[in-house]
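For reference, the structure discussed in these notes is given below.
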Amino acid sequence: MTAPSQLTLEGLLPQLEVVRKDFPILERSVAGGLPLVYLDSANTSQKPQCVIDAMVDHLERHNANIARAMHTLGAEATEAFEGGRDKVAAFLGAPSRDEVIFTKNASEALNLVASTLAFRGPRQVGEGDEVVITEMEHHSNIVPWQMLTERTGATLRWFGLTDDGRLDLSDIDELITERTKVVSFTWVSNMLGTINPVAELTRRAHEVGAIVVVDASQAAPQLPIDLQAMAPEERPDAVVFTGHKVVGPTGIGVLWGSRALLEELPPFLGGGEMIETVRMERSTYAPIPHKFEAGTPPIAEAVGLGAAVDYLRDLGLDDVRRHEHALTAYALDGLATVPGLTVLGPLDAEGRGGAISFEIDGVHPHDVAQVLDARGIAVRAGHHCAKPAHARFGVQSSTRMSSYLYTTPAEIDALVEGLHYTRSYFKLD
Amino acid sequence: MTAPSQLTLEGLLPQLEVVRKDFPILERSVAGGLPLVYLDSANTSQKPQCVIDAMVDHLERHNANIARAMHTLGAEATEAFEGGRDKVAAFLGAPSRDEVIFTKNASEALNLVASTLAFRGPRQVGEGDEVVITEMEHHSNIVPWQMLTERTGATLRWFGLTDDGRLDLSDIDELITERTKVVSFTWVSNMLGTINPVAELTRRAHEVGAIVVVDASQAAPQLPIDLQAMAPEERPDAVVFTGHKVVGPTGIGVLWGSRALLEELPPFLGGGEMIETVRMERSTYAPIPHKFEAGTPPIAEAVGLGAAVDYLRDLGLDDVRRHEHALTAYALDGLATVPGLTVLGPLDAEGRGGAISFEIDGVHPHDVAQVLDARGIAVRAGHHCAKPAHARFGVQSSTRMSSYLYTTPAEIDALVEGLHYTRSYFKLD
Amino acid sequence: MNDLDALYQEIILDHYKNPHHAGLRDPFEAEVHHVNPTCGDEVTLRVHVADGTVADVSYDAVGCSISQASASVLTDLVIGKPVEEAMAVHETFLALMQGKGQVEPDEDVLEDGIAFAGVAKFPARVKCALLSWMAWKDATTQSLEAQS
Amino acid sequence: MNDLDALYQEIILDHYKNPHHAGLRDPFEAEVHHVNPTCGDEVTLRVHVADGTVADVSYDAVGCSISQASASVLTDLVIGKPVEEAMAVHETFLALMQGKGQVEPDEDVLEDGIAFAGVAKFPARVKCALLSWMAWKDATTQSLEAQS
């Protein structure tokens, strides 16, 4: 176990040591007895006991298939599953619970929108149409749009990045035009940490009649989201996130879409649950949300995700945001003490999420991560599924530390110390 | 708790009462104190403690994202996840572990094949081509093919059913022709219980160069499957099943596809994990299995599924099959004592799975299920996602009992008694 | 009375065995077809509105005792009533069904419909009870639109 | 020696800092480009086979110390060897890497390559060590095909 941090920072979650007790994995030791310092939360978050318990209780006492089962267990399972939807709707401030679609992860949610836009319907994308993304997207928000544009003959365009890792909006008027049918971008970059101007971009896209898809995979864990409070012209048409990054389970993601959009999109996957009636010749489809949920959904996972977003709301997303912000500022200061270290992305904690990618002259990211791992510190090394953003900065890979609500300043200290040690290990001093 | 059954039948699993202890939910009481009699396993199976524990251990001690994470937890999570793939490959007797693709459920697996057959590639389906299914399919093996044929201009055709609920193969020569590109059918019907002649149909389809997709959602739980032992010409090209019906978790399904087929099919969903390299202009894709696994996969679920198929293999699929067979025969005898009851599907337990759908003159299936539920007995009422098969028999819905490896003869007795009671409750005597 | 008997009250079983106003009739302005996708219950329902009054409701329904009896009770309650009043009855019935067993039924408004109070405790059956009521509201709205 | 020091042996770090035979050279019969999709390491590698002998192996690699050092050691080991013998070295190296730390390295065959024994205990790094070896096998096979 980590010794309780001596250090406290303005803005940290109150009772941080108590919060840490909610996460059983943080008691683990690694690398032959060292306390685990988990700084890979942008990759996946750890799970509090209440999420695990909710799933176990479901599996041990209420497991049944949903909707179609009319017996007691079936009614309980249906209520638990749909209760998960209600909680996610509340978490997002969604105008309607029916606008919350469960997918298997954020990637499927993005593919759902991109794939169905290729099908016949009022929003069908075709030759001459343009889809606009950005150079800082996760591969999951690039490849689906490449596939859509390749398959339909539409054109893919993108915003470039400034040297300090923000969107380069200087050519926005050339990029967002009447030809633009979709604008899709990440709310918070998983590599650079940049927080993008959702309201502004959405307003501009809506002015030309384009739909806006926002990848909130990194935003949902750390920023309060309130869709209902957004001005309609600044509210995206679709927002996606993934369960495992918001202290929830794997196997579940969320697509929120406005009713207007979801009703216009044709169905994605066909099968049980998403139909109204089926004849061999033809089928008709159920209304949303079921229209987009073919087959047995991730039931225990929806129960776990419901518990997860409730856990975050209980802590308070504003407080989580403040915590992340305090740690990010502290980490940026600490990293600046490491010779030869360059941060990729904005250098001020303001307007920045909690993922910090960096390079160290003379040591490859894998080697950094390996030496840190031997000290019990888990960071990510590689391209973080953001190859184009790495290419933009002329690097092939980077090391990324990402904190979360359970991270302590002492863990940041351990990282910084570990980086100094890494340099000396590779004889760079 | 149920009193231990007085009755034993030839063929039941040895130590059935011990096996039942593996399933915590079977200790539950429902309907104000009655023991749970769970006869809805074709809808979803219950989970043994070892599956739940494997998932909990993963979440509490080894949780991390896979492949991309190089730290200790990441290596452990990757090994656990890929270990799940190895176990599933062994469960199916798959020629290669790389041919096992994890999806979110069986429905997604079927959609994966049907969707990618619409894309450019050596197997692309187009106008003039035909896809052949059957009238006894689950909606999840109907709607994807309707979508494929509607979108490509191909034609959907199907095998009809005989009065006793078997495939009517009399027009096989008109149905399977050189125009046939795909033949897709269920191994075991979830409504009628019928076991279909996989080898024969596959051979015929291969003779005309069609690919064969087998929906093993109901077969995998109860029949031993050994793909490697099949003659190549009788081995389907793709076999799918779903985690939650083989005592595994929700949120995971399996597509096994021959390497030849999987290499010919274009990718389905785009995103992280499924790429080789990504540039803004174009991406290249990873080899199988990752090519078809976009985004963070169901990691904890793969761990649970691995534990589940190992549990089934430990019991022995031959023994499970014998157990199901003994109970099915016993149930068919019991149901025959209920006046006005008609079984839909084959009447002999031979060549039949464990799901038995029936009608009772004068009582609607919902009402049957409701009265049984008040006695603690869980069965399914409705169309069981097989509307066309119901239509074929001129009924709109039916009641279905489905046993599994934990079912006792005493539970069948309780059902039969409950059905007699239902008739008297609705004053049919 | 246990929950099951509260669900299957005599009144419900009587309407089920002898449904009132069953069958499809002319004249009508709107015909709708509603389905409960989870269980497959179906109803085809016609509405005839004349002079602002629900002049006729006719239907062809396949389904369980609850859904059949509910269609029968619906027609008893709305035929002959001014549309506005009938809509108010609809609201009252809806509130009863969605009340999870906590709403006290008003016999003056719902007549035989109060027998459905027991259904509200069975979430899976509420949809059965509401199927024809939803169809009726839909068809009535369409009838009014067709006339205007 | 702890695991980390076993991984980063002096020999490896030396090859990393001063890679042998680096750069792309003519002549060659086959050039391949291999990528480790999970981490992004890349190698472009050329093989020149003459008279059944690996006459030259040249490469341009971006990656970690393990993958770079491994490319360097590879070239030392295979250049100048008859193709068959070089393939045997490849097999030996592969067996060592996949041995989970249980295989005793043969210094006579692997020379500096025995320094990679420590890598076998780090499953995530085995792919780094094998990247250029896989590329070499691929390119050599293509070279032979090109010549026949």
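Some observations on this one:
Chains here go by letter, A, B, C and D, matching the order in which they are written, and residues are numbered from 1 within each.
Just so it is clear, a contact is a pair of C-beta atoms (placed from the backbone, for glycine too) under 8 Å apart; a residue touches a chain by one contact, two chains touch by 3 or more.
Bear in mind that the values here come from a model prediction, so they are computed numbers and not experimental data.
In the absence of chain A, grouping the other chains by touching gives one piece. Once the centre of each chain is set as its mean CA position, chain C and chain D turn out to be 77 Å apart. Mean C-alpha positions place chain A and chain B at a centre distance of 32 Å.
Centre-to-centre, using mean CA coordinates, chain B is 37 Å away from chain C. Those residues of chain D in touch with two or more other chains are numbered 38-39, 122, 125. Annotation for chain A: residues 68, 70, 74, 275, 277, 366, 370, 381-382, 387 touch two or more other chains. Applying the touch criterion to all chain pairs gives A-B, A-C, A-D, B-C, B-D.
Chain B meets chain C in the complex at residues 364-367, 370-371, 374, 381-383, 387, 390, 396-397, 425-426. For chain B in complex with chain D, the touching residues are 67-68, 70, 74-75, 78-79, 275-277, 286, 290. The residues of chain D lying in touch with chain A in their complex are 2-4, 7-8, 13, 38-42, 62-66, 68, 122, 125, 128.
Those residues of chain A whose C-beta lies close enough to touch chain B in the complex are 24-25, 28, 30-31, 36, 38, 40, 43-44, 46-47, 51-52, 55-56, 59-65, 68-74, 103-108, 110-111, 114-115, 119, 135, 138-144, 146-147, 151, 156, 158, 242, 244, 249-253, 267, 269-275, 277-280, 282-283, 294-301, 366, 369-370, 372-373, 377-382, 384-385, 387-388, 391.
Remark: chain C residues 35, 37-39, 122-125 touch chain A in the complex.
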